[in-house]
């Protein structure tokens, strides 16, 4: 993707979409403490705002994300910040989340992704601390993740390495979640709500499979059943 | 049971009973997140509406259930959907829960059942992932379940196999709960509230017995005491 | 204690004290779900109302307790029931808690006790399922319990055996909590609030010591330190 | 530090600062139950009020802390008490927290500390019960603690020994948290909010690393990465 010039402000034709995304992203942040995925100010949700006039490969797209180190009590649509897909600040009074570079890298390299979530949810983080993927032993896991939840590489914040690790692990995987080693889960989705759902279910299966393993061994699900469950869930579940 | 023609609408003589069941079932759904049995949109409660004019063996009975993939914040009596006991939609703006076929199968084959609940509650699901029944080592478990909580077969969604697995496991068992292998608990009761109670207590005993086993072995309760506790609880407890 | 004739109503000179106890006991029930000690309708708090004109050894005392099988949403002062210390109903529209006989036995045989609480809190119940006392490895435990939390005998509901088991275990113990085998904790105190506090701290130390033991061995506290901590806490802590 | 004469009241020039600290400390206490770090009345937060006219080495500084044995429902700015840095009561209707001597010792001996928090949070206390430090296996832990969370000595309340144990362990450590053996965590910070943050994150990493260890071994993080993460987080994270 070409390294587009940084926009100095939100283009007029994206104003309404950016404002809608701020509303949505602010509201979705409330789901993280609600489902006990975060403590204090940790965790963040972002959503892509697509710019059809923004040049090839989504180079003009923007992302809306939480500011850095802000309490969940203080999250409002107005507090959200806007960056370009190189992670550079476009609009907002505060510094963007220190995980913005990782979110931006995913948007820049996975055009189908419309939402990204990062948490340090306890059980998923524990699997990440051991560098162990979560085996697919629950029908709910086959439904949502289509197989095991994979582990990504150890990567230090400050350059592209977290983003690269996410993209390399999730490209070609059915799973919308990756456990970054010694760090915690990142999840993706068609929009921010889908990425939040994946974060919630990732922690839930991380916890249930952990509990199952504490006193014995869970029974694997045969691959053909995993495939059938995944196919049905992706194509039939919910309202259409 | 004869495969009755699908009703095209709620019969007039069942209108009041269906509306009352919608109120009750919507309110009972709030108990699932309250007792931390579900995350996101998972889990569902249903109640049977009996039709005494509906032909032999309850063939005209209806069931009220949650729509598929709907947030717990959006559950209202009006949002509930009505199906017949073959699981076919009779009334409602949305698709019924994707677990409706399993609920319907239970109502069609266990005439004494008036309520069904399904969750993926963490500890019960962990026992289900190992395919291991919960041994009866607590007086609370003897009271409510009358013995171990049994495991049902692995079954894939999409046909009758989940419903059949539930019915085959619970018929002739004292337990109102079954742990469907690699999936999660289903519970039954005389009405929806009783089935919700069984779901709450199933998770509670799944958790307490799990914790007991983590660092040693729980002491079994002698069968005669299990029998005495079960008999008293079913016949004396609560208000009459 | 003489088996006094059952009062047919609350004596006039105890009216104000009974009504005050109903207020207090109803309010204290909210602490049980707040600190996650109970699910559904399980658990109960009672308080003694002393009758100085009631004959020798507190034979005329009353107790205020929760009715049986009632939701925590429906607990009001008016819903509370009054029994004598033989556990017989004196006032109230509903059946008393099915644990009333155990509470009453404690009041009848331990004159210093003014409040009793029973829960099935998860971690305390897990120790009870193994029939294992909780070793005193935390300063908070030395403060409140003055040593290990002991296990009481297995006893079946329906006669005096639970009450006897509680009294035999706690008499002569510093601990205000007993883990009744395969059942759950009962706690006592000078009033209902003190018994609720003991129930809350019992679960907290049951959980922390369980977690400590899951991956190693907690370090014991020397007896002289346990004694010093207990003495200070009982005589210095709080407001006087 | 010279053992200054005890002030008999809050000096006029500190009135506004003391009142502001009462507001802040009262509000921060709500974070302890919110993040499930405490039960009942356990736990306390304090903040230093610096007195630039108070003599050498902060000898005239005051601290604002919670009264002893008071419910979290009853914590208001007016209920807070003021002590000097010898732990003697200066203002307030109630006895100060029984942990005041430990807080005061820290303020008297670590001039850079502006806030102190003490809890019995479950997982941190479990590590403390085993006398085991928490290894640094999570990036979040490298960020906030800069390495392992150390264990302090066993110390009995009633003299300087808890305060001394905290100071000796944390002096020269990057970690703002110490696990006092068989007791629980104490955390420090530049102000009370920073100390509360450290208490919240201490429990979170105590839990996640415990869970990771339950079924295997977490992978260590190389020292150079720990150093880089700590440096970045201390200098870049949040709003400036």
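So that you can tell them apart, the chains are marked A, B, C and D in the order they are listed, and the count of residues begins at 1 in each.
In this section, a residue touches a chain if its C-beta (ideal position, glycine included) is under 8 Å from a C-beta of that chain, and two chains touch if they have at least 3 such contacts.
What you are looking at is a predicted structure, and each value in this text was computed from that prediction instead of being measured.
Participant: Considering only chains that satisfy the touch condition with chain A, which of them also satisfy it with chain D?
Facilitator: Common neighbours, chain A/chain D: none found.
Participant: What rotation angle superposes the Cα atoms of chain A onto chain B, in degrees to the nearest 5?
Facilitator: Angle of rotation between the two copies: 90 degrees.
Participant: Same residues or different residues where chain B meets chain C? The copies count as same if more than half of the interface numbers are shared.
Facilitator: different
Participant: Compute the centre of every chain as the mean of its C-alpha atoms, then state which one is farthest from the centre of chain B.
Facilitator: Looking at centroid distances, D is the chain farthest away.
Participant: Please work out the Cα centroid separation of chain B and chain C, and write it as a whole number of Å.
Facilitator: 33
Participant: Just curious, how far off is chain C from chain A if you go by their C-alpha centres, in Å?
Facilitator: 47
Participant: Could you tell me which residues belong to chain D and also touch two or more other chains?
Facilitator: In chain D, residues 214 touch at least two other chains, as defined above.
Participant: Could you classify the connectivity of these chains, where an edge means two chains touch, as line, ring, star, complete or other?
Facilitator: Graph shape, chains as nodes and touching pairs as edges: a ring.
Participant: Give the pairs of chains that touch; include all such pairs.
Facilitator: Between chains, contact exists in these pairs: A-B, A-D, B-C, C-D.
Participant: For chain A, which residues are in contact with chain D within the complex?
Facilitator: 39-40, 42, 67-70, 94-95, 98, 120, 122-123, 125-127, 129-132, 154, 156-158, 181-184, 210, 213-214
Participant: Which residues of chain D touch chain A in their complex?
Facilitator: Per the touch definition, chain D meets chain A at residues 35, 137-140, 197, 200-201, 203-204, 207-209, 211-212, 214-219, 221, 225, 228-229, 232, 236-240.
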